[in-house]
């Protein structure tokens, strides 16, 4: 089994050295789902001008840029793209984030953080209607670039 | 059905006015679960000195303090307590966050954010072992204080 | 003439002591105007779903909360409300910000900062169409609360 | 007319992809003017040791570095230089900011943000003397680097 | 001997609960010393307009406000005053910070952080002249307010 | 004697231009010492699960990433590694930080800031036991990369 790369040989947490890693183009996609009742979902478009999803989209883009400030062992990364998509489905709202960079390490945590903060913001914008809203299925969908090879989540 | 409180009468997003709300003691608890394989779970204690959960605990405490920076419509709140608990179970790690304050609004989003960032940090610390790790069941467990009354999630 | 309150008797910059100031309700309103050509203005609503003003609104709310991080001598203040209004006029977009708090000092700089960042974000969202867009007339409109009395800008 | 580049084809706001843009040297200069009465201007140098402009200079340098945190669609950029100049004139204080980087996108917003925060800080340092101080003429003076070509504001 | 208050009964780090602590006026003073050679000290005032100590003063005031963001177990505190004093002595520069608040916990760490960041900034502003500059004697000078009683460092 | 590089020819503070400096691998190591009594040192391991040094380690890693936000004239740098070591000695705790990057300027201030925040966090975690704890000997140990050549502190 692989080692936990955030630990050195003595077991202390550290930010791993990426000094010698080549700078390559990297992309990561992550997913989250916000479960909400049909009543809450139905109320979303009834706001004359506002849209909870637009607030969530901007929060997610901002959060992607702050990932290394939030997740202790993450490196600061010059993100080159953030895209947040929402799908409104019968049981709630599906969040998909895509983050790209050209760096010595990937943007997997940036995509995961963006999807999570989008979901938390949707929760915040709708929680007055239903305290039971729940966020599930935060996971990596896809990853490319870097020596560990591409990853595509098995959707079966 | 209640209104979406983050929107004014014209439907524009805004930070709702809590100027006239009484300052009361408030507590919120939130939950997240990090699903991981038995192999990854078994590897956690094998680090001589380090512990992914301690890194996650500190990240979560820091994130609770930054909630209003991350979730656009949240008010800055003088948090008076943050506690993060972890339970290691057969299928993964259970995260429970407790946040308290004395303020004109509650700490529901602070507890939700703390639980989410704890889970994301655990993911980051273990993702080298398994890309398929997934975070689920981010929800509010309990809330007290404030005029909307107490809330206790139905655990049935 | 009044003293520059940010300086002590020896002339060194400092964050002035508000320890003994009573906590009172305070409100401040500020203004900014983003001059743009009729062509750029006309292009704003042609985006199928997006709206530069909604991005600017959220940026402004977030900036109000970060004022003490941006303006060195500002105190951290528990903001209780932020509201951003936009008026689309012949020559551009009028920004009005309203910020409230209950504190020992006012939210004048929070309102000024929110209006400025809203204007800068509108600029950023439209600059691809016209590099000559200009922001003007950033000023305080109104201030209430605190011992220095209310202020209402002369609109003549 | 050019497209609003911050929107994708469906009109959703996003951080545009600069992954394929070449890294080139880029410079941007921006301008702001703080109108103040002759009495307030005359009071500026009467502080034995302190100088509002030095506080504003440092606030502006710090703000340039935080631009992507303040303006939602801005990319994080490794800024290589920030310079803030002040000119004391009959009607107030002229602020000129210069920012440089070597990156796949420019520092136009960094220069605009630096000039704006310098002006807001001057306002904050002098507002006790005159509530009517006003900030105007925030605009781009110059831009070089990048495929869209150089820009020089028409000063006529 | 007292307990380490940042740990709960099971030994996990947490942000201690100050919900029930009375809000009282609190002051803390801290100290740092930056040792530098007479040559470096002599060069400080030779800058026609600039002054490294003014940059350090502003950095220290900003850092005091960010203490809870830097020191994991610190509570966010509404600081009501920050004052930074410098004394130029034969062997270097003496830094004294004073921070005040009205809160349920003290500002000891805010004063310690402000003094440290002031010293680090002086180091940064002068390190081109001498890599051997050293910061020493960072300690608490004084503390008042709160149930643990006042503290005055023994200067003998 | 060298010039103070943070000042331009007119003596105004600025962020120096590193646009033309070559991007090279750079490493810096810094040191701090936290003096504490034998009683406080003996109490450190008596926490069943917690460890003040692990909290300090994470705070230091996070602080290294925020250096340009704390020290006004520092450039934002894409840090590629942070390592924090602690040595428990008779008179206290020795902190050594190592930071690496590939950039146009070095990470000397990142290493100094990381060591300082580690020391301040240890102070915060133990101050309930002894108010007289003191931080000393914050200095650069080593620096490599960049045109000014390597530096090794004389340990004699």
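Annotations
A, B, C, D, E and F label the chains in the order they appear, each numbered from 1.
Operating definition for what follows: contacts are C-beta pairs under 8 Å (C-beta built on N, C-alpha and C of every residue); 3 or more make two chains touch, one makes a residue touch a chain.
Just so it is clear, the model here is predicted, and its values are computed rather than measured.
Under the touch definition stated at the top, subunit A and subunit F share these contacting partners: B, D. With steps allowed only between chains in touch, the distance from subunit B over to subunit E comes to 1. With chains reduced to the mean position of their C-alpha atoms, the one farthest from subunit A is E. Of all chains, the one whose mean C-alpha position sits at the greatest distance from that of subunit F is C.
Mean C-alpha positions place subunit A and subunit B at a centre distance of 16 Å. One simple way to say how far apart two chains are is to compare their mean CA positions; for subunit B and subunit C this gives 31 Å. Look at where the CA atoms of subunit B average out and do the same for subunit D: the two points lie 37 Å apart. Within subunit B, residues 12-13, 50, 54-55, 58-59, 62, 66, 72-73, 76, 78 each touch two or more of the remaining chains.
Taken pairwise by the contact criterion, the protein chains fit none of the simple patterns, being neither a path, a ring, a star nor fully connected.
Of all possible chain pairings, those that touch are A-B, A-C, A-D, A-F, B-C, B-E, B-F, C-D, C-E, D-E, D-F, E-F. Listed in rising order, the residues of subunit F touching subunit D in the complex are 8, 12-19, 68-69, 72-73, 75-78, 103-104.
Here subunit A touches subunit D in the complex through residues 25, 54, 57-58, 61-62, 64-66, 76, 78-85, 100-102, going by the rule given at the top. Subunit A meets subunit C in the complex at residues 50-51, 54-55, 58-59, 62.
In the complex of the two chains, the subunit A residues touching subunit B come out as 1-7, 10-13, 39, 43, 47-50, 52, 54-55, 58-59, 62-63, 66, 70-74, 108-109, 112-113, 116-117, 119-121, 123-129, 131-140, 143, 151, 153-154.
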